[in-house]
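Order of writing sets the labels: A, B, C and D. Residues in every chain begin at 1.
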Amino acid sequence: MGFQLSSKDYAEYIKLAAAKIHENGDYVTALDSATGDGDHWSNINMGFEKLVEAIPELEAMNLFDEFKKIGMIMMSVIGGSSGVLYGSAYIGAAKVLKNRDIIENQDMCNILEAMLEAIMARGNAQPGFKTMIDSLHPAVECYKDCIAKGLSEKKTLSLVKSAAVDGAQSTAAMEAVRGRACYQSNKGIGHLDPGAVTMSYQIETLMDYIAARL
Amino acid sequence: MGFQLSSKDYAEYIKLAAAKIHENGDYVTALDSATGDGDHWSNINMGFEKLVEAIPELEAMNLFDEFKKIGMIMMSVIGGSSGVLYGSAYIGAAKVLKNRDIIENQDMCNILEAMLEAIMARGNAQPGFKTMIDSLHPAVECYKDCIAKGLSEKKTLSLVKSAAVDGAQSTAAMEAVRGRACYQSNKGIGHLDPGAVTMSYQIETLMDYIAARL
Amino acid sequence: MKKIINQPNAVVSELLAGMAKAYPELKHIENLEVISRKEKSKKVGIVSGGGSGHEPAHAGYVGKGMLDAAVAGNVFSSPSPDRIIKGIEEANSGEGVLLIIKNYSGDIMNFSMAKEMAEMDDIRVESVIVKDDVAVPDSTYSTGRRGIAGTVFVHKIAGAKAESGACLEEVKAAAEKAIANIRSMGMAMSACILPAVGKPGFELCENEIEIGMGIHGEPGVERTSIKTAAETADILLSKILADYDYSGSEVALLINGLGATPLMELYIVNNEAEKILSSKGIKIYKTFVGNYMTALEMSGCSITLMKLDKELKELLDAPCNTPALKI
Amino acid sequence: MKKIINQPNAVVSELLAGMAKAYPELKHIENLEVISRKEKSKKVGIVSGGGSGHEPAHAGYVGKGMLDAAVAGNVFSSPSPDRIIKGIEEANSGEGVLLIIKNYSGDIMNFSMAKEMAEMDDIRVESVIVKDDVAVPDSTYSTGRRGIAGTVFVHKIAGAKAESGACLEEVKAAAEKAIANIRSMGMAMSACILPAVGKPGFELCENEIEIGMGIHGEPGVERTSIKTAAETADILLSKILADYDYSGSEVALLINGLGATPLMELYIVNNEAEKILSSKGIKIYKTFVGNYMTALEMSGCSITLMKLDKELKELLDAPCNTPALKI
């Protein structure tokens, strides 16, 4: 039998992701200062701080309500571009958890895919536009591929994590089509997209957390 | 027979005074920056530039009209505190030249005294208030004293010049009662008053000019 | 960082609270950071908003003849959908609500999400997108042009149309007409400091200016040396006039300060702008000079033109009474 | 020096020309640098003025219900008597003219000389002297207190009284009453640069502010470290309240920016000022927040209180229509 995450486990992951984001403040701020307006870290960090405060409430909910609640908190606390994108992502993901009590391997893949679709729809963006999508999209593609190929969960989690991290790194070479970097004369080429980096932090933390429980 | 200045001669002096003031721009600006608003030199320099432009007109006038005209130009071009003070001074001095074609020793003394009175009345100020008066007042006192003592014109001119220059230097020790320096917590103590310095430049140039003609 | 503030994170709610205290006809909805009119009337509601730091925009334009509610995000960050929904609710008197959105992806995403959610609550919501900044190429591929100071004209036109009793579609059409006729271009001479960041996002050397700088400190199109007022007006207007044909028409002119540029300089720029426009046969119908859409304490300015027809003139001249604009 | 200007010596005439172009109801008298109303009516004329660099003061207050003419000197320098005489002539409709003078010796000397010369031409002229700045000790020996932002209230009160048809003595009495009830106190966070000088007259370190700084960059009463908005409001108001007893009264409150301080911060200061005044039982009748009397691009602010009685309230509320203040 594979991994199984409860709403309490997911709340536990939130705590770890919050810590990961908290640690990387100066780095992420520098990235958004180079290509945007410098607030991405402070926005998303504030969002995760609020999520951590809400953990007692979140872990008592079923998965559907928990994801919806996370989406609402992120949307209102983070604000800016990434708030509404994460809000849409979590509300989109909640739908695939409607009657589920636990998250298993296939659910996890479905969750990430629902998030990707919601973000792409909300932001009217595609892979290659130098956004958070460029970390999430390769992760989803990889996840689907691993399941199709019947790889072990351990292997899958490790490959998905690498895909997210590599995807974030790949934004350095991209020209921005969405987000503030597209107002730059060089379209941000040479700089990592901050939203892709924080997306990769979350996927990395999530994959590591699940892997540690196998 | 002593010196005699025509309106043309006085216009010649104006040219010399303009040059003297022009040369000391940075120094006077620094003085007014330390105790006031930094514009005294640029104001008075602009005034003298306009006077120099008006020389063809000035030297064709009688003394009465010439002094009145100088006063009007200084008043409107210099502006600020010193414009209206010099304007009042020259208009006051014009009165003592009403029916004179030349300026002789006693006239010169009368002119400076009339200027002093006009400045004191307009500015509601006394000697010791750390203003241009502190150069002009000792010069006038000295001039009257020299005439009373029957000193030679040469000696007189030299003593009046020294009195004006020393008077300007004496403002360093004074507390400001008029002008912008009085808003300072230490009332400008330790700094020369810019208006006294430019007054001393004018008296010095005038005395030297007359002395050179003796 | 020299700012007269308390906690960097509290600036938005404190500034709006201070504003509501100064203008008793406005109300501040705490936490959701909405400023709305206390007095309501039955008409199409007009809502605008965006990141804070552009004061008096947007809350300063709430009042009779302009906005019914303004929604504030954090400094330079779009407000979240829940705030915008509150603004929509405040502005709605049953005749529907028009959202005036500036063309930033963050604003578009948050306002669209709010629009969808308000529509689920049976409020009729329409939106228009202001994209007046000719510094950025117009493009359907990327987000395209930013919305900058011209937004103030859109507030005025839409607000006057709504006040006249027009229906939602008519108000939207008037706003769209204004948007189609507005072009802006700006330049900056110094950076600004986000309260929460504490240091400037970029540096300009003494003698260096940036042409086409956005109102969030996004880089512009060219760094160059400091110019005279005449040259500055010429550079900005040339870009505008190359993009849209204003020749032979009547225009509204806005000389906008970015926050730290003295009014003295804005008037000097206006003096030059008038000379250039007159020489090109463009007639200035009405001029606005001041800090209408700022970028914290950035120094610099922008020029905006709006081509006028009879309807736009009437709407521009219609009375309005807001903290930042009274006609 | 980063300024959007042409020739440093031309800033005053160019800014006034740019202003007259923006407001067709005003006229600019070139060379004499007077801004006056085109439309005249038979009433006491009100004239103010002083050095330039305080925009919108003074020309921005010319219009119905406030000034009839404003006379501009060079930057931070009093206008000369010939300019002031022109302003008096423009404002005179036969009912006499009131001069509103700020208490700087340069202004007093130039305005008095102009007054004497205008009186020789049989124009009735009276004058009042504004000295609201509590940073400076009141004194009969020295020049005494400076006139700062409170002057705007004096413009409003005198202008409204004149508009009501009152005679010269009554207008002067209303202005004197306002002056007796006004106190101001300011602080600065950065210096400003005179166009003709090109460098700042003083320097403040990062983290340093100056309490009691004048509007020409004259030194203040104390240099201290940067404070929160709450502390700043407290320091400024404490000085004012220690000087004049406003307890139990109704006041007009002005939070004035010195030029480069964002409106955001002024609203935050207003939020704090209101808390302090309320806690002391002082009732705020009307609040003004904005850049009303600036010092080029200095950053910082001042707070002004005017105690109101029935007459002053009515005069404050009376309509006025000027570029910088509309009621």
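In the analysis below, a residue touches a chain if its C-beta (ideal position, glycine included) is under 8 Å from a C-beta of that chain, and two chains touch if they have at least 3 such contacts.
Computed from a predicted model, the values in this text were never measured in an experiment.
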Checklist outcome for this item: Ordered by label, the neighbours common to subunit C and subunit D are none
Checklist outcome for this item: Farthest chain from subunit D by C-alpha centroid distance is chain A
Checklist outcome for this item: subunit B to subunit D, mean C-alpha position gap in Å, rounds to 33
Checklist entry - Between subunit B and subunit C, what's the gap in Å when you average each chain's C-alpha atoms? => result 55
Item to check | Shared interface positions of subunit C, touching two or more other chains | outcome: none
Checklist entry - Among line, ring, star, complete and other, which one matches the pattern of chain touches? => result line
Item to check | Those chain pairs that satisfy the touch definition | outcome: A-C, B-D, C-D
Item to check | Footprint of subunit A on subunit C - complex, ascending | outcome: 51, 73-83, 104-106, 109-110, 112-113, 136, 141-143, 146, 194, 196-197, 201, 214, 216-219, 221
Checklist entry - If you look only at subunit B, which of its residues touch subunit D in the complex? => result 29, 33, 36-39, 42-43, 46, 72, 75-81, 83-85, 87-88, 122-123, 176-180, 182-185
Checklist entry - What part of subunit C is in contact with subunit D in the complex they form? => result 2-6, 11, 14-19, 21-23, 52-53, 55-56, 60, 189-190, 206-207, 209, 226-230, 232, 255, 259-272, 274, 284, 287-289, 291, 294, 296-297, 299, 301, 326
